[in-house]
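Next come two complexes, and both contain subunit A; in the first it sits with subunit B, in the second with subunit C.
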Partner chain A sequence: MLELLLQNLVNGILMGCVYALVALGLALQFGVMDIINFAHGEFVMIAMYLVYWISLYLVIPGSVTSLIVAPIFFVFGLVVYKLVIDRIVGTYPLAQIAATIGLMVLLRNLALAAWRAQPRGLKYEVLRGSISLGPVVVPISRLTAAGVSIATMLALHWFLTKTRIGLALRATSDDMQAAALLGINVRKMFAVAFGLGCAIIGIAAAFIMTFQQVNPEAGLTWGLISWIIVVMAGLGGVSGVLFSGLILGVVEALEITFWDPRASLAVMYSLFILILWVRPRGLFGRR
Partner chain B sequence: MRVRDLKPIGVIVVILAFLPAIVRFNNYYVLLLTWILYYSTLVSAWNIIGGFAGQLDLAAASYIGLGAYTMGTLMIRYGLTPWIGIPAGGLVAVAFAVLVGYPTFRFGLREAWYALATISSVVVLQKLFLVWESVGGPEERYLPPYYGSIYYLRFRGYTPYYYILLATLALTLILNVKIRRSKMGYYLLAIKENEEAAEILGVDVRKYKLKALMTYAFVTGCIGGIFALISGYLHPHHFGTWTSLQVAILGIVGGAGAGAIFSLPVTTFIIYSISEVLRSTLGGWIPGIHLIFYGVILMVVVLLKPEGLAETYSEFYGRIKGALTKKAGGIV
Partner chain C sequence: MRRRLAVGRVVLVGALIVIILIAVVAAFYLRKPAPTPAPTTAAPGPTETQPPKPVIEEIVIGMVEPLSGTHAIFGIEAKQAAELVIEDINARGGIQSLGGAKLKLVVADSKDSIEGAKLAAEELISKHHPVVIIGAYISRHTAAMAEVTEREKVILVADALVDFLSERGWKYFFRACPKTSIHGKTAMDFVYETAKKKGIEIETVAIINEDSVFGRYTALGAYHEALTLGLTVVEHIEYPYDIADASPIVSKLIEANPDVVISVPYFSDGVLIATTMEEMGFKPMIVAGAGGCGYCDPDSIAAAGSAVEGFTQTYSYNPFLDTPYNKEIVQKFQERYGKLPTEAGGIIFYSLWTIKEALELAGQMFPDDPLNPDNLRQAFLALDITSGPAAETYPSGHIKFNENGDNIYAMAVVLQVQNGEPVLVYPFEYAQAEPIFPIPGYSP
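And then the complex of A and B:
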């Protein structure tokens, strides 16, 4: 039992880092432009397919495709921003929810139409095997994914605190009107935040694919997990997102150990509803 | 409520009552019409919370599933008639709605947060029923085959269910009109326009939102029981997030609100028919084409006509009426 718990906890912590990375893009978009993107999980799913196809046709490992998928997804984010998000920023919330739900339904079923329902996994991947640490077995793929997640979060943190564009993004997030008065092009910042959020999804998807398969339904889970983390983190910056991801990973690990793995989503969403009730500004929020 | 308000409902019901005869009770078309009525009723019930009160509720599938499991379990285990089981399912749905809704309104969750909390409740229930082996479990539980029994409401064809749903739709539409004409209707509209202003003017916002939620949950729970009778089995996938989304999409496209009571069934009829044509013609080559249509129509309507199609219909109706009276005037 103890060994199982230990193994599950290690898995949970590694997955928690990956959850945090997936949610990071959403947190950035939500924080800067206060937009409610229900299609986030579907973006992750599309990125995972992109990783699969690029890896298959260029015969390169899935993890390496992150270098290609991240820029593609930055552009994808800009396009989605121009076509959809730009029209609904600042309008009434119901329209934002409805438009992004439409986007979610559209993307999920486009994926179903194009690639059918069967799950697809990478054919070729270098991150194989595992390391044994006493009783605990750590898969190299998950370890790498967690490491890349933390590295990406550190990079984003540096970007947001040390560069001019990063500071402008944070200013926009804090007070849109004041930022506009100071000469920051708010619309441009929105586009940058949306593209950057999508690029982060691209990185995450490449490393998720090294240990998971993708199907058109995969987006629902990733979307809801991201929302849980964003709610938990509040507007608490990068570290809040990381801690929330870790909490979620550990809760999942405990649930799997002591109850039924099939019910893990039920426990996570119950936790989500509870946090919404008790701390709607999140556990790590600033305001 | 005045008799004048009930006239359009009467007209709709009479037209719908003759539709199965027009398609000569062909099983496929009757089933198609049954699903259209099913979603029309769901959307009309959703209108109470989504249209009047302006809360984007995505928990429809929770109430459907609870209604289905309550009715079905009572019937499988104790041989209880659905005439009691269906309202019992409605009450269980109300209990769950209060369990989630009371704290949600108490802590002031709105807009996206309300939508996320409600859609999460669907996933929670689905997984719990998957694990709860004594009632749910991963295998289908079939209802006993008492075919041809009015006591058990079990029939081989779909025509009887069509008329059951037609009666439910008529009741739901009457309920809508009744709420619109009542004090509660005006309070809900005030809440939708501006919650803070309504609160300052003395509307008990929480109480009326909860009342609207309970009404909607009861009707939806009852429809869930009828759904279980039609499908003939119970399974955790009756708690499906897609059903919740579909109801909300039809509601938004139909322009849910006080003025959309009749626009919602019409929208459901049009969208469901188009999606079914797409599915039956192109679905073999392009799986999910009918669902793509849902996504496209929702985005187009929200981006181009955010208030929904209700206005469009009445304009269209007015133009036809105008043209007809003009012509009639010319002849006379």
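And then the complex of A and C:
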């Protein structure tokens, strides 16, 4: 019993880091632009396909493709920003919901039309097998994914607190009008935030693919989890996202092990509602 | 200024939505009349009960399959198989007892939804007057469709597997393919008999299934059989098929440490579970899949690689069955579509040939009114197929319906992934190869 508990704490912590990384891009976009991007999960799904195809054609491990997919997705983010998001920032929430849900449906069905519903998994991946720490089995793919998640979060934290652009992003996030008055090009900040958010999705997708498969419906799972984490974290910076991810991962793993896998979404949402009830601004919200 | 701009955008977005809506509605209506029926000259509707010796030139067979959406991959294969078989039946002279009447296939999309399947059946019946409808792959879609076919008295030949379809007392319902509990039972029997043959004792079983009605019925079939065989079920886990991570489930299996695992995967969850088992180093004697799709699908083997080596899966159809007609149709299918027919296509092979046999028999039994639904039903019930293409493509080679519309000789086959290829291993008398048991890497 103790072993099972330990094992699933580890499972939960590792997955929690991955969940946090997936949600990080959304948190950044939501925090800076106050925009509700319902297509986030579909972005993850498209990035996962990109990882699959690049890995297949260049014959490189999926984890390495993150170096290619992240920049591509930064550009993808800029393009989506220009085409869709730029036009709806600051408008009525309804317009934002309509536009991003439209984007979600469009991307999902394009994926379905282009790639059919069959699951695709990486053919070349170096991150296989597991290491044993006493009674606990740690899958190498998830361990690496968790490590990369934490590294990415540290890098983003450094970027947001130590660089000029990062400071400008945070200023925009805190008070858009004041930032604009101080000479910050708010629109440019929006574009950077959106592109950066997408680049993080690219990194996350590459490491998810080391243990998962992608199909056109995959966006649903990742989108939902990301939303719960972002709202749970509140607008409290990188650490809030990480802790929310960890809470979710551990709760999910323990719930699946000690109760019923079918109830995992119900438990996650109950937790979510409970937290919003007790702390309406999220666990780590600053404002 | 800013305010006005914002309003302008809202108007723009609104206008866009309206334009898209108009385009969608227009596309729907423009597309709709395209296959307008003009049901050909001599085909009499099934409801006209007393025409004197009708001259039947063409008999419409309706088909409802998910041609779009998540399950399109199955629906499209079913459609491909149906087109091939209908061509084949017509090329062999159509329905001889009805003066060589030709079959005409009309396919409708269930849009991968319950309502869609129902609508598709309604539309097929009102426009094309089929005597038989085949479909709709997904059991709950089929159940919805049966409401229509029962009301309109059209024979429904189901290619969906869940048990409850034949438990509702439907009159015009037939199902040649093995239902889910037969799949679960076959998986358990295969493991038990293989172990016995190899002189290995198994005592404990873990059963995992995705939590749809399909997964549960299949798992219960295996569960029941395990208890019948005197085995202990040490763990039974049901999970949602879209789980993000399988490691908690695999940890639970490691803790339970069963001799064998019976698994009912849905689609991509099977790949996830197999790769997670490999990663976490969990190797029971065998992981035996049940339920018609999963570990031995070419797509799964491509996605999971070495992780599914040695895994088995039950299927309702056996593409490697060594009979003349099966070899012929598999070769034709491969030539035309460039792939091996799987479950979705295989069920259609024997189901359509069964319909053909029923029509032949109806022509002999009721020469005056062969297409009357009640007469056709009698013909279906009188069938006892042991030879010909239907038998040669069916796992047990024998099709005979009971009052519920189920095949009393229903049977599933078991394939195993051996060196990255799906190979037929059970029933032993048809097997292409010896089952590998325990699978490589097993350590007691």
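The criterion applied here is as follows: the second predicted complex is superposed on the first by the 284 of 287 C-alpha atoms of A that agree within 3 Å, B and C clash if a C-alpha of one lies under 4 Å from a C-alpha of the other, contacts with A are read in each partner's own complex, and residues count from 1 in each chain.
By our rule, a contact is a pair of C-beta atoms (placed from the backbone, for glycine too) under 8 Å apart; a residue touches a chain by one contact, two chains touch by 3 or more.
This is a predicted model, so every value here is computed, not measured.
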Is this a clash or a fit when subunit B and subunit C both end up on subunit A?
clash
A:A47 contacts which: subunit B (first), subunit C (second), both, neither?
neither
Could you tell me if A:L220 is touching subunit B, subunit C, both of them or neither one (first, second, both, neither)?
both
Touch check for A:L112: first (subunit B), second (subunit C), both, or neither?
both
By the touch definition at the top of the document, which applies to A:K123: first (subunit B), second (subunit C), both, or neither?
second
Classify the contacts of A:L4 with the two partner chains as first (subunit B alone), second (subunit C alone), both, or neither.
second
Taking the superposition on A as described, I'd like to know which of subunit B and subunit C A:M189 touches: first, second, both or neither.
neither
Is A:I200 touching the first partner subunit B, the second partner subunit C, both, or neither of them?
neither
Once the shared chain is lined up, is A:L265 touching subunit B (first), subunit C (second), both, or neither of them?
both
Is A:I97 in contact with subunit B, with subunit C, with both, or with neither (first, second, both, neither)?
first
For the superposed three-chain model, which listed region of subunit B (80-88, 260-268, 296-304 or 314-322) is the one that clashes with subunit C?
296-304
Both subunit B and subunit C touch subunit A at residues 87-88, 91-92, 95, 98-99, 112, 116-117, 216, 220, 260, 262, 264-265
Subunit A touches which residues of subunit C in the complex?
6, 9-10, 12-13, 17, 68-73, 211, 237-240, 242-245, 247-249, 251-252, 254-255, 267-268, 271-272, 275-276, 278-281, 299-300, 302-305
In their complex, what parts of subunit A are in touch with subunit C?
3-4, 7-8, 11-12, 14-15, 19, 87-88, 90-92, 95, 98-99, 112, 116-121, 123, 128-130, 132, 137, 139-142, 211-213, 215-217, 220-222, 225, 252-254, 256-257, 260-262, 264-265
For the complex, give me every residue of subunit A touching subunit B.
36, 38, 84, 87-88, 91-99, 101-110, 112-113, 116-117, 216, 220, 224, 227, 231, 259-260, 262-266, 269-270, 272-273, 276-278, 280
Show me the residue ranges of subunit B that touch subunit A in the complex, using the header's touch definition.
54, 56, 100, 103-104, 106-113, 115-117, 119-121, 123-128, 130-131, 241, 245, 248-249, 252, 286-289, 291-292, 294-299, 302-303, 306
